[in-house]
Amino acid sequence: MISRCAAMLSSLLLLLAPLWSWAQQDGIFDEYRAMFGDDNPAVFVIDEGEELWFNEAGPKSMTLEGCDLGLGAGVVEGAYAQLPRYFADTDRVQDIESRLEHCMIELQGKTREEIHAKPYSLRGDLGTEMEALVAWLAEQSRGLAIAPGQAHPSERSSYELGEQLFYFRAGPHDFSCATCHGQSGKRIRLQSLPDLTAHEGAADAYSSWPAYRISQGIVRTMGWRMRDCFRQQRMPELIMGSEAAVALQTYLAVNAAGATMAAPGLKR
Amino acid sequence: MKTIKTLTLCCLLINAAVADDAALALKSSMADKNFVTLDRVERDALQTFCSKPRSEEGDTETANDLRESARAAVPVPAEGDFLGDWQRGEAVANNGRGLQYSDNPQQPNGGNCYACHQLDPDEVAYGTLGPSLTGYGARGQSLSMLEYTWIKLWNTHAYNVCSHMPRFGAAGILSEQQLKDVMAYLLDPLSPVNSGLIP
Amino acid sequence: MASRIRIRAQLKGDACEVKALMRHPMETGLRKDQLGEAIPARFITAVTVTHNDKIVLDAFWGAAVSANPFLGMRFKGGSVGDVVKVSWLDNQGDTGEGETQIR
Amino acid sequence: MSSRQSAGVSRRAVLHMGSLLALVSALPGRLWASVARPQSAFEATAVEGVFADLGVTPQRSDAIIFSVPDIAENGAVVPVKIEVDDEMLPGVSKVYVIVEKNPNPLAAVFAIPEGTQPYVETRVKVAQTCELFAVAEAEGQLYMASKETKVTLGGCGG
């Protein structure tokens, strides 16, 4: 109950403080972005995520309050910023989405199939359960330092795998993540491309996801961003919470470590 | 000499083994979607060679081999027939669709040149991953210039191994006719890429 | 059910500035879904802002207003604690309403 | 999302049972006759059609301060702000936002009662690079300001 009140209070505080910051400053769109002021429709999704956390759901009719995101059962403040990390109960490194999936299955009795049926919104949707929960949980880490686990050997091998995957060129276009995100000061069309191999670029990117994508009217998560980059690389569909999805996020989070979480952001 | 070569080969094999782990992890983390299937995770020799983090030096001999085999496989149009229609080429340069699982496979693929290159000086939405090609036609119109451009578009690795540019011809992204249209967009004096820029 | 409108009403000089965000997809009716079926038009057609039950703005919208619409307006007068209410009606007869107090 | 769906169903049920009641409670004190939605202007497919529907082509006025970004990162959401200088142009009762090349150019109309400042902000869809118009109606006359906004293409996949 106390944590719920604290969470509600922090949602109220959101209304007073600027809600987000653009990930990149690149001149040409400054006027456009400035006109948005601090009105980010992500507030709706954050609210819904909070409700979902405390709602009884699934065959077991349970809330997610018993979910351990790494800092103990039910601790939500600061948990997002310390992911991905190794969890002994699953014996694997997990990002926010695979951990939430684990809790939905274990605590609420949901099935993997239903969780994976539509984890991310299609255009025109107002949001999925996963997106709402991730948005709220990320907001619970706003202002805190990004500090993914790197003490456990599995966490270090996840980083190494993430690096390999970052440079993995495949598909008809020979693209890898590094094709677009391996140099600084570049852009695609007019969009600035953060150099995700360097701290500054990784910090800008990692700290601002999840984000409300104004082009889509949807809050998108970092897991979705990984999936969509692979789509644009002409690769098959990345599975939410999979080994590769987690490894790439570990690679980015470690490169971004020390930077301050500022999500949910607002993006093109 | 022979020892060195064996050692290099040995290192390459070790690298390949590590890379295979990445491929396996990726395969188990992905699912077929529409017409895009898991075989896209399989890499050819060039892709594997070019998948190293920048800090790792690739060995020159392999790079030379890859460059030569890329060059040898480029079909060069006969009779110097390189140039199509610049207006159709402009559409190819602007179109970023094709081969993504969200794309309609019945539609022709785009070249998406503007994602990375400046071309028409009046188009502000151009990327900077590749060099500006504005005024490209002023670089020359000789047969060797045409042939160079054709090979570059067909398989960039024939000149620059591990360039970021897709192999538009060799990978079957664009048709020969589409490539000729892009050639015209780059080289035709009437193309906006060259407007007023060819003396 | 989380609120479908976020409203802020703040005194600025002799005027009260109201900013409202509404949760709505604002479908034009021109888009198709993944299966190629047309997505039916669904957009807010009317918005009313009231200050202590007096109408201070009537807005009529078409489908060209962006998804999750934003509205900013200013009315004269108003004191801290007064109630500002924003309500909307869409082309399918759905409605939404929210209120806040001026601060 | 299950919680949202159930709320949606119950809301529709309420509307079905008594939509008038629901409307009245949702829009308190609404004077339906005082301002009407200019439906045919919304249906016009060209700017000229919108102006024809309003009765006259507006004259340009410096009293209208129309803020639109020169270049928009995304056409799906383009912020617009319209402010009319009260002293130069008093008595503004309506403000229109028009997007030249949209399928239906009229995007929004704001009816401004006395006591409300001629100041509105919203965000609109702009299908392609074109002129945007802000039209103010004051004492039966129409005035306008316009500005071009450039809509840019996204990077990957267009």
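Each chain gets a letter, A, B, C and D, in the order it is written, and its residues are counted from 1.
Please note the rule applied: a residue touches a chain if its C-beta (ideal position, glycine included) is under 8 Å from a C-beta of that chain, and two chains touch if they have at least 3 such contacts.
Model, not experiment: these values are computed from the prediction.
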Which chain pair shares more contacting C-beta pairs: A-D, or A-C?
A-D
Distance between chain centroids, defined by C-alpha means - chain A, chain D (Å)
35
State, to the nearest whole Å, the distance from the C-alpha centre of chain A to the C-alpha centre of chain C.
29
Using CA atom averages as chain centres, what separation in Å is found between chain B and chain C?
49
From the C-alpha centre of chain B to that of chain D, how far is it in Å?
46
At least two partner chains per residue is the criterion; list those residues in chain A.
48, 51, 126, 180, 187-190, 214, 217, 232
So which stretches of chain B touch two or more other chains?
100, 102, 114-115, 124-125, 127
Indicate the residues of chain D shared as contacts by at least two other chains.
3-4, 71, 76-79, 81, 152-153, 155-157
By the document's touch rule, what are all the touching chain pairs in this structure?
A-B, A-C, A-D, B-D, C-D
Which bits of chain A are touching chain C when the two form their complex?
15, 37, 39, 41, 43-44, 47-48, 51, 122-126, 214, 217
Under the definition above, what is the set of chain D residues touching chain B in their complex?
71, 150, 152-153, 155-158
Please name which positions on chain C make contact with chain D in the complex.
1, 15, 19, 28, 30, 45-46, 48, 50, 53-67, 69-77, 85, 87, 89, 93-97
Hey, which residues of chain D end up touching chain A in the complex?
1-4, 67, 69-74, 76-79, 81, 152-157
For chain A, which residues are in contact with chain D within the complex?
28-29, 31-33, 35-36, 48, 51-52, 55, 57, 126-129, 132, 180, 187-191, 214-217, 232, 268
